[in-house]
Each structure stands twice: as C-alpha cells, then as structure tokens.
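Two complexes are shown next, each including subunit A; its partner changes from subunit B in the first to subunit C in the second.
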Partner chain A sequence: MPNFQLMRRKFQTEGVTHAVFLSLPVTLFAVFYVYPIVSTFNLSLHSWDGFSPSPKYVGLQNYVVLLHQSRFFHALLNNISWLVFLLLGPTSLGLLLAALLDRGMKGESVFRVIFFLPFTIPAVAVAAIWRWMYEPTNGLLTTVMRSVGLGGLAQNWLGDPSIVNFALMGSMMWWTTGFAFLVFFAGLRNIPVEYIEAARIEGATPWQVFWKVSFPLLWPSTIVVLGMAAVDAMRLFDIVWAMTNGGPAYASEVLATQMYDTAFGRFEMGRASAISVYLLVIAGVIIMPYIYQLAKRVQDSEAE
Partner chain B sequence: MNTATAKRTALPFSILVAAAAIFAAPLVVAFLTSLKSPSEITRVIALPNELFFQNYAIAYERMGRSFLNSIAITVPSVILSLLVGAISGYPLAYMRGAGGRVVYLFLLTGMLVPFQIVQIPLFFLIRAIGLYDTIPGMWLVHTAYSVPFCTFFMRNFFASVPRSMYEAALIDGCSPAAYFWRLLLPASGSGLAALAIIQSRAIWNDLLFAITLTTSDEARPVTVTIAGFASSLQVEYGPLMAATLISLLPVMLAYLLFQKAFVRGLLGGAGK
Partner chain C sequence: MSNLKWVGMALGVLASASAARADGPKELWHYYAAGSEKAGIEALIAFANKQNPNNQIVGKVIPGNAVEMRRQLQTAFMGNTPPAAYQSSMASELKTFVDSGKLHDLSETWAKIKGDEIFPEGVQRVVKIGGKPYGIPYDLSLINNIFYNKAIFEKAGLQPPKDYEGLVAACDKLRAAGVEPLGNAGGPFWSLYNFYAPLVSTVGTEGYYKIASGELGFDSPDFRKALDLYRSTMVKCYAKNWSGKTWTQTADDVVNGNTGMFMMGAWAAAYFKQAGFAPVEKFDVFPAPGTEGKAIFQMDAFAVPEGPADTLETAEKFVISAASAEGQAAFAIPKGSLAPNVTVDPSIYDAVGAKFAKELADASKANAVLPNLFFLLPTKVGTELGVQMEKFAIDPSDANENEMITTLEGLRQEALTEGSYLKW
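Now for the complex of A and B:
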C-alpha cells in the first residue's frame, strides 16, 4: 500500500527540484548569451576603440555607415552564396553517396569511414591541408592538372579574387559532406525494408523507388542536414579565416571575418558590433523557423 | 552475388570508388608530405625516397605545449558540458505545461546565435573576472556555449525513456533528484557517450573562442598554433603537415573507436 500523503509531497517537491536543476543552465545562458547580446546591441550604438574609458554615443550611425560600404555588402553577399552552396552542395553529394552505398555494397564500412573522416578534422587542419592542395605551382590540384595536360588551366586558386570563393567551397565540400552523408545513410537504414520491397514488386525502377519512397521518408534527416547547413553558413568563420583571412583584397570575406577584423584588427568595437547585430538578425530570420520546428517536433513525439 | 546483381552494382560501385579516391587524396598527400625532406616536397604525388621524421620533431617542438593545452581544455569541458546538459535536459523532459516549453525554446534559440554577437562583450567579461588566457576560462566558456545543444540532445534522450519508470520510482518513495542521480543518469551511458564524442569534436576543433580568449603558450590550444604556423610568410609544408596530422589525430581516433555510439546518438539526438 503506497503512502499517498508522502506521494503527494514527492510530486510537490518535483517543481522545486526542476527549478533548482534548471537554475544552472539558465544562469549560464543569461550570463553568456543574454547579457553579451544586450551589451553588443548597446555597443553598436556607440563609437569605441576598446581602450578609452567612455564609449561615445552615436545613435544608429554605425548601422547607416555600413549600409554605404561596398565591403559590407560584399561580405553579406558572400554569406548568402555560402548559404545557397551549403544547402545544396554537401547535402546533395551526401545524399548521392548515401543512396549509392545503401544496398549492401562491397566494402561498405571502408567507404563509410573514408567519406566521414574529413568531418572529424578541425577547420584549421582542413585549411592547412587545402592550402597545400591549392598551392599554385606544386600543389596537388595543379600537379594533377599538369599531368593530364590541363596545366594551362591551372590557377592561383587562393590568390585570384574571382576564383577564391569557389576554391574555399571546394574544401568545405570535402570537409562537411561526410556529415550529410552519415545522417542520410542512417536515415535510409531506418526505412522499413518492406516499403522498398513492396514498391519493387509493384514494378518500380530503382530510380522511382528512391524518389517516390525513400526520399519522402528521409524528410527528418533532410531537415537536420539543411538546418545544420543554414547554421554553419551564418557562423562561417574558421575555414575562411584560416585559409585566406578574407583575402585577397577582401574577396572571400564573410560577415564573421569582417567583424573580427573590425573589432580586433581595427579596434572599432561599435562598428563591429553593428555588423554582428546585422548577422544575428539575418540568422534569426533564416533559422528561427527551424528552431521552432525542432521544439515543436519533440512535443509532437511526446503526444504520441 | 549473381551476374545480374553484379552488373547492376557496377556503376554505383565505380562512382563510389572514384569518390573515395578524391575524398582520401588530401589526407594521403598530407601524410606523404609530412614524411618528405624539403628537397623532395615539390614532388607532390611521389612517395618519399627516405622517411624524413625530422618534420615530426620540428612539429612537436613548435606545438607540443599547445597540444597538451588542448587536452587540458577539452577533457574537463566535455565532462562539464555533459553534466550541465543532463541537469538541464532532465526537468525539461519531464515538466508538463507551458513553463517548460518556454524555457526549452528559450535555450534552443542559442543554437542559431552566430558567436560574433557575443564575441566583444565576452572578451571584456572574461578579462574582468580574471580568466583571460587561462585554461579554466576556456572550460567555463565551452561549457556555457554548449548549453543549448547539450540541453537539446539530453532532453530528447531522456524523453525517450518511458515516463512510467519515473512515476513508479516516485511512488516508491524516490525523490525527483534521487531518481536523476541514482537511476536516470547511470542508465544513460549510450546517450552520454554519443554526446561526449560530438562535444569533443566541437571543443577540440574550436578556433573562434580560442583566438579571442587566449594569447600565450600557457593556454593556447593546438588550433590557434596551427593557424599561426600556416599563415607564417615562409610556409614549410613538411613540418606543417606533420603538425596538422598530429592535431587531428585524437578526434579522428575517437570517432573511429566509437563510431557505433556516434551513429546511434546522431539518430537519437538529431534524426529520429
């Protein structure tokens, strides 16, 4: 016979326990997210070099000045190209590789490891390796092109403003495709075999089976991959900073590297803060629906 | 395998082999380069005539200290971030009503924040509390910025544990806190292991917080050292590739060893 009075007390202490548990993460969040964000908003309304005792209030001037700078728009445009590229490039290559591998292929585990390994590497290591790949006279890319008689098409991959962004995207493709691949691969594994068999018995070609049966069922995996791609596109910093530092002549700059240069290279803290506020707003508009979806999806599963 | 199947898989198989060759090439070339003497380095595709281990000695001399710093930063940060994620995920998985939902959505928004928005105030905050250029400072920062993702991950993991277990434990006289420490956490090994690998990668590979908050050999992790090494005017690719390979080894090994836990965690926490 359970003690009902004791039980009621337990459920009452539940609320208190929950609150105590949540107080640590919420405090950390308040101190390391909320406070700095508010502080950055405030700083963006000032002109400050980071040293002088009192920042000077300038209103919205930092925001207005940025809107008149082609350097700012160029970085913004680069972020948007990166967004499009990351949503499409690694996602489709990862899906392709996962789909090809999903049928008990010989050497499956070897392929899986090779495709996924680059994703485990730090961005700076990716940058160091690819700076060597792209080295204009002796790098692997130029050497291979020369050996197949295309040496004339070899470029100064990271030194030419019209090529540098594509070169960076190439190394990004190598780095991040593994993540999309693995999520899709695991997603395909979760599709019940009967569905595929049923479609095959109905006489569907492998092509039809993939697009009509597997792909729609992969939607949860697709959501994860696209969401991560959008977050990465907005946060993009490491690979650009470590490979080109935004150069040559700001050609490969994104908002995050421009913000870093403005803050810690030129000590214009107010201007840099305004850049990051723009970045936050853009990221919010693009990614908030996704976060909302994530929170909601979990509630749905709870309701089941 | 009969001939018809063999025919059907021939094309996909050759595409996969070509893709694998391209994916492996950069690492293979980096490895070969790390074993070549300066005079051989320009012959990119060739094997080294003799193994030139001196590159590794030079690399170790330049980055040994920061490699140790990376370990000293990553291990405690991963443990702390897992603990905070679990502490935060537990009530959010069990709370009923709007309160829990609001807190959860609030913490999740952290996942979209580009870290540039916190960078400048964070720099001054960490300096003000005396943790600038220290390893404990990095523990604090990595733990704090892991809160959104770890909360998300652990909440989903705990939500998959049947609620009846919780209610039965409470009826048996177990307090909610005791249930967490004595029953739930010890039973969550697989989720914690998967999250530990994801977190190790994120923290070991971090560059942004490290360049903002460390400056001396005492605290600088390996990513910052490699970045400095790579952007020096006269890049010596032999030692650089050796250093790069050393820097990527720990996380790569962790993934190879714990592949299964990771894939399972990826499905539990992110996919479905």
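Now for the complex of A and C:
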C-alpha cells in the first residue's frame, strides 16, 4: 500500500521548490516585459508631452489619427520591404558563401574570419563607415564605379528618396551576411559525410547533392536565420537612425524610427506609444505564425 | 532573526548610497562630445569652478543632440534625479519644460547678472517664458551668412553678391567654370535655415515673428512668395547631390575647391579652421541676400531644474559665472561661437568671428536680431517645417509646394486650437 502522506509531502515540498525557482524569472518577465507593454498601451490612450504631470485621456484618437497619416503607412511599407529583403538577401548570400567555403577551399579559416568580421562591428560604427562610402561625389563607392567606367550609374545614394532604402539595404547586407554565413556553415559541417558520399556514389551532381541532400538537412539552421531576419526587420532602428534619421524627408523611415521621432522629436508620447502598439501587433501577426510553422517542422524533422 | 539582520543591513547600504547621491557632485549635462565644442565647455567649467571653490560642478556628456537630451531629461525627471543645470535649446524647448513646472525661475539670478543690459533684446526674448527668464544664454551662432572659397571667387572674377540677382548670376558663372555653386546638406535643418533669407526678404522682420506666433498662415500669399523666391534662387544654385551629404562633407567640398559657396551656421568657420583653411585668407563670409543689417541666430542656454537648495545654489553660481564676460569668452574662444553678452571684448574673435560680432551688434541696434524660427514655432510645427523644406529643396515641384502648404497649415490650425503657439 503506497504511503499517500509521504507522497503528498514530497509533492508539496517539490511544489515549493519549483515555485521558488520560478519566482525570479516570472517576476523579471512581469516587471520588465508585461508591465512595460501594459503601461505603453495605457499611455497610447493619452495625449502627453512626456513632462507635464497629468496626461490627458483621449481614447483611441491616437490610433485613428495614425490610420489617416500617409507617413505612418509609408513607414509600415518600408518595414515590409525590409522584411522581404532580410528574408532573401543576406540569407541567400550567407548560404552561398557557406556552400562555397564548405567545398574545402584553401585558406578556409581566413575567409571564415573575413566573412564574419563585419557582423562584430556595432551598428553605429557600420553606419559611420557607410556614410563615408556613400558620399555621392568622392565617396568610395562612387569613386570605384567611376574608375571602372560605371560613373554614369553612380547615384545620390543617401540623398535620393527613391534610392536611399536600397543603399541602406546594401550596408545591411554587408553587415549581417556574416551571421547567416556562420550559422549555415556550422550547419553544413554537421551533416554526416556518409550522406553526401552515398549520394555521390549514386552518381548525383554537386548541384543535386546540395539541393537534394545538404539543403533539406540544413533546415534547423535555415529556421534560425530566417527567424532572426524577420525579427530584425520588425525591430529595425539603429542602422536607419544612425545613417539617415529616417530621411531625406521620411523616405527611409521605419516604424521604430518614426516612434522615436514622434516621442522625443515632437513630444507626442501618446501617439508614439500607439505606433509601438501597432508595431507589436504587426510584428506578432507576421512573426508568430511563421515561428510556429517553422518550430513544428523542426519537431517533425526531429521525430523522423 | 538573522534574516531581519540581513534586511536591515541591505536597507542601510541603500540609504547610505542614496545619501551619497545627494551629496555627490552637482552635474551639468551637455552634448558637446568632441572637438572645439568640448574644449569650450571644459574651459567654461574650469573657469566657473575656479570662481566658486565651494560649489563645484561636473560636466557630463549626453551623447547625441537635443533629442537625446530630452530623452535623458525625461527619465531623470521621472526618477527625480535631474542634473543641477543642462544645455538647452531656446524658446519652445524651454517652454515645454516650464509648462510642466520642471524649471527653476531665474529672475533673481537674471537681476544679479543684469541680464536686461548685457544681452541683446532678440536674445532675451527667447529665454523668457511668460516674462520670466528660464535660461542663461551662452552659445550663439549666426545662421544667415554664406561662406565662400576665396580662390574660386578670385579665379572666376566674382565679388560677394549683394542681392538675389547677383547670387544667381554668380551661380551661373561658377557652374560655367566647372564648380558647384552653392553647397547644402541633407537633414531637416539646413534647407530650412537657408530658407530664412528669402522668407525675411519677403515678409520682413515683423512677418517673421507673425509666422512664429501663428498669426501669419502657411497658406498666405506671402509664404508662397517666399517659397517661390527660394526655389528660383538658392534651390537653383544648389550643388549636385547635396542631399546625400552631411554638412561636414559639404564643408570639405568647399575646402577642396569643388563647391564655391556654402550657407551654413557660423560653426562652419571652426570646422574650416580645423581643416587648415584660414579665415579671410582662404575663406570669407557675406550675409545672405536680404539679411544685411539683420542677424538670424541659433543659440543654446543653460537651464536649471528645480531641486534641493544646495544644488540650486551650485547651479546659480555656475550660471552667474557663465554669464560673466570672462565666462562667455572662456567658452566662445575655443568653440568659435559668439558670446551673447555684449560686454565681451570683440578682440577675442578672429577676423571672421569679428565680422559676425559686428553683424550681431549692428542688428541689435536696429532691433533686427531674429531667433531661429525652428525653435520659436511649437515643436511639432517647427520639426515638420524642417522636413517639408528638405523635401521641397530636393524636388521643388508645384505638387510638393502645395502639399507642404496644406500639411503645415493643418498643423498650424491644430497647434492654435491646442494653444501651443506663443508670442515671442
């Protein structure tokens, strides 16, 4: 006959232990994550300059006003272009570099460092470097293009509203490809050699080996890279703010820089909070199903 | 029991830490992080500390600009730990803080330094809110002058133009000689600062203040006329690809002889000097057309937050030192800016600085000292005006002109309803 009393006591002490261990992370989560979100939402229902003692309640007015501003939708559209770019650009280049290097090139360790190095530079420094690269008259990019006879194609990189976003994406590509490269490279190195050899013996071309064997087995790395890219696209701030402040004339603005400008450039804390709530919802809508889907596939592939 | 002892000890440590904070150094927050600016503020703090041995103040850099400063101050005010004093922009910026009851009324200090006598009238206007002074002026720069490369002008046989026809003719001549005529730089300030010249030429000093107080609308024929004048003169003269450059990159273009003229704040003179480009010998200045006899200026002042008595005492002693002729010179010489205090000996300036000082003195006498409109307007109107002006300067189409007028007029109406305009 089992000793119920002993079991109950054991369960109780275990429960207390669990609660003690959980209390710290739960408190941190509540104080530093849940509370700011609730507080931001509350602020978004007010009109407040950030200093006066009493914010004025305005209901959903901030949300409605934003929906009537082309400036807001322009920033949102920019976030979406960044999403598309970050999912495709640095990701595919990183994969390409990883695949090239995985073929056992000479000086592999040197290239590994070179490819990854830009990612270790802080965003503001990257911005300062590229501000000079993109100087339209005597900057490095324009000078190089001129010297190879492509001067006619040189642009007003950061000053032309129709070019600036592509220029920013270029610097982002240089900065973040290293991350995608490193994750893919590690992933490729983890694929058992037998699979590749078996495919080769069966007569598969290198092209087939990559797409039919390596790439499907890289799925866990791909999830990490794509997931990070999506998150980066939504929270994008530093590169844009440090290089253009969202300009010229809002052309390169994303929601996070617009929120910052609205809050501290114009003292409209309530409206800035409304932008951040929109951003949270949009990021949730875009990223959550995607993370859910990808996580499910990881589970499936692990189960196999 | 032992638990209680630990709690007691922890509380004791916390209490002593907060006590230490109250007794700690009194801070002066500023965003002069590098170069001549940093040298200026350090010289001023050293001077003030020497004068007030029992009320030492410590400088603290808030990296960035006015916007970063606001963010830091907001957090500090929430936590009730504001600095003893800080670098503030003028006019509307001060008003926001005064309206929320955060700033200390400096009337007594103002009387001690004889503020009404030592500062020009136009300067006084922008540090007084509701008739009371809340800021001590110390860092003034004129923004209505055009710098030019002397060698380029000599080679092209040009004299500094006096009016808009002359300016456009000079631009044509420079362009024909293969030089970009007039530099400008990207961002919401520089095109706007350039626009003040055509604006003042069109609406006059009185109209300028009427726009600042919201009485003159952005949809008025006068404002459109000023935009058209800006478009047909300066915008036409701007260098290729100007919007993709920072102001220092454009200043480099002037030094390198790629660009002939550059309308920029007086701080460009300090940059030229640092680049080995000597005033009067290599470069010189002339007032932008329509601003002769007038002085349009950008200025920073020290503001003092409300706080405990001993912190206020230190802050007041510091700003008194900073307002004195010696204190103002201590800052202005390394920084290369003008001292707003008119009793400062003009011999402290270099040749170009002396020109600026004379312009300011003459304009003071004529009552034509105009503060930067950006800071006179309610913050959101001023910021939007800057953005719209950059957009218009990049693409001066009729569509952009109309859109600008509609957007700004909408904001003006909104700000009028909210009562955020002020008569300066």
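What we mean here is this: the second predicted complex is superposed on the first by the 273 of 304 C-alpha atoms of A that agree within 3 Å, B and C clash if a C-alpha of one lies under 4 Å from a C-alpha of the other, contacts with A are read in each partner's own complex, and residues count from 1 in each chain.
The rule is simple: a residue touches a chain if its C-beta (ideal position, glycine included) is under 8 Å from a C-beta of that chain, and two chains touch if they have at least 3 such contacts.
Computed from a predicted structure; not experimentally measured.
Visitor: In the overlay, answer first, second, both or neither for which of subunit B and subunit C A:D160 touches.
Guide: In the superposition, A:D160 contacts subunit C only.
Visitor: Of the two partner chains, subunit B (first) and subunit C (second), which one does A:I291 touch, if any: first, second, both, or neither?
Guide: After superposition on chain A, A:I291 lies in contact with subunit B alone.
Visitor: For A:V240 in the superposed arrangement: first (subunit B), second (subunit C), both or neither?
Guide: In the superposed model, A:V240 contacts neither subunit B nor subunit C.
Visitor: Contact-wise, after the overlay, does A:D49 reach subunit B, subunit C, both or neither (first, second, both, neither)?
Guide: After superposition on chain A, A:D49 lies in contact with subunit C alone.
Visitor: Now for A:N190: first (subunit B), second (subunit C), both, or neither, which partner does it touch?
Guide: A:N190 contacts subunit B only, not subunit C.
Visitor: For the overlaid complexes, name the partner, subunit B or subunit C, with more touching residues on subunit A.
Guide: Partner touching more subunit A residues in the overlay: B.
Visitor: Quick one: classify A:H18 as touching subunit B (first), subunit C (second), both or neither.
Guide: A:H18 sits against subunit B, while subunit C stays out of touch.
Visitor: Classify the contacts of A:L95 with the two partner chains as first (subunit B alone), second (subunit C alone), both, or neither.
Guide: Neither partner.
Visitor: Touching A:L76, do we find subunit B (first), subunit C (second), both, or neither?
Guide: Touch partners of A:L76: none, neither subunit B nor subunit C.
Visitor: Would you check which partner chain A:V209 touches, where first means subunit B only, second means subunit C only, and both and neither mean what they say?
Guide: Touch partners of A:V209: none, neither subunit B nor subunit C.
Visitor: Would you mind listing the overlap between the subunit B footprint and the subunit C footprint on subunit A?
Guide: 131, 135, 137-138, 245, 263-264
Visitor: Quick one: which bits of subunit C touch subunit A in the complex? Just the residue numbers, please.
Guide: 67-68, 70-71, 74, 77, 96-97, 99-102, 186-188, 240-246, 249, 253, 256, 258, 379-380, 383, 387-388, 390-391, 394
Visitor: Which residues of subunit A touch subunit C in their complex?
Guide: Touch list, subunit A to subunit C: 49-53, 131, 134-138, 156-161, 244-245, 247-250, 261, 263-268.
Visitor: So in the complex, which bits of subunit B are touching subunit A?
Guide: Subunit B residues touching subunit A: 9, 12-13, 15-16, 19-20, 23-27, 29-30, 33, 41-42, 44-45, 84-85, 87-88, 90-92, 94-95, 100-101, 103-122, 125, 141, 143-145, 147-148, 151-152, 155-156, 159, 170-177, 180, 201, 204-205, 207-208, 212, 222-224, 226-227, 229-231, 235, 237, 240-241, 243-245, 247-248, 251-252, 254-256, 259, 263, 266-267, 270-272.
Visitor: Spell out the part of subunit A that touches subunit B in their complex, as residue ranges.
Guide: Per the stated touch rule, the residues are 2-3, 6-7, 10-11, 13-14, 17-22, 24-26, 28-29, 31-33, 35-37, 39-40, 43, 97, 100-101, 103, 105-106, 110-111, 113-118, 120-125, 127-133, 135, 137-140, 143-144, 147, 174, 177, 182-183, 186-187, 190, 220-221, 224, 231, 234-235, 237-238, 241-242, 245, 255-256, 259-260, 263-264, 269, 272-273, 275-277, 279-280, 283-284, 287-288, 290-292, 294-295, 298-299, 301-302.
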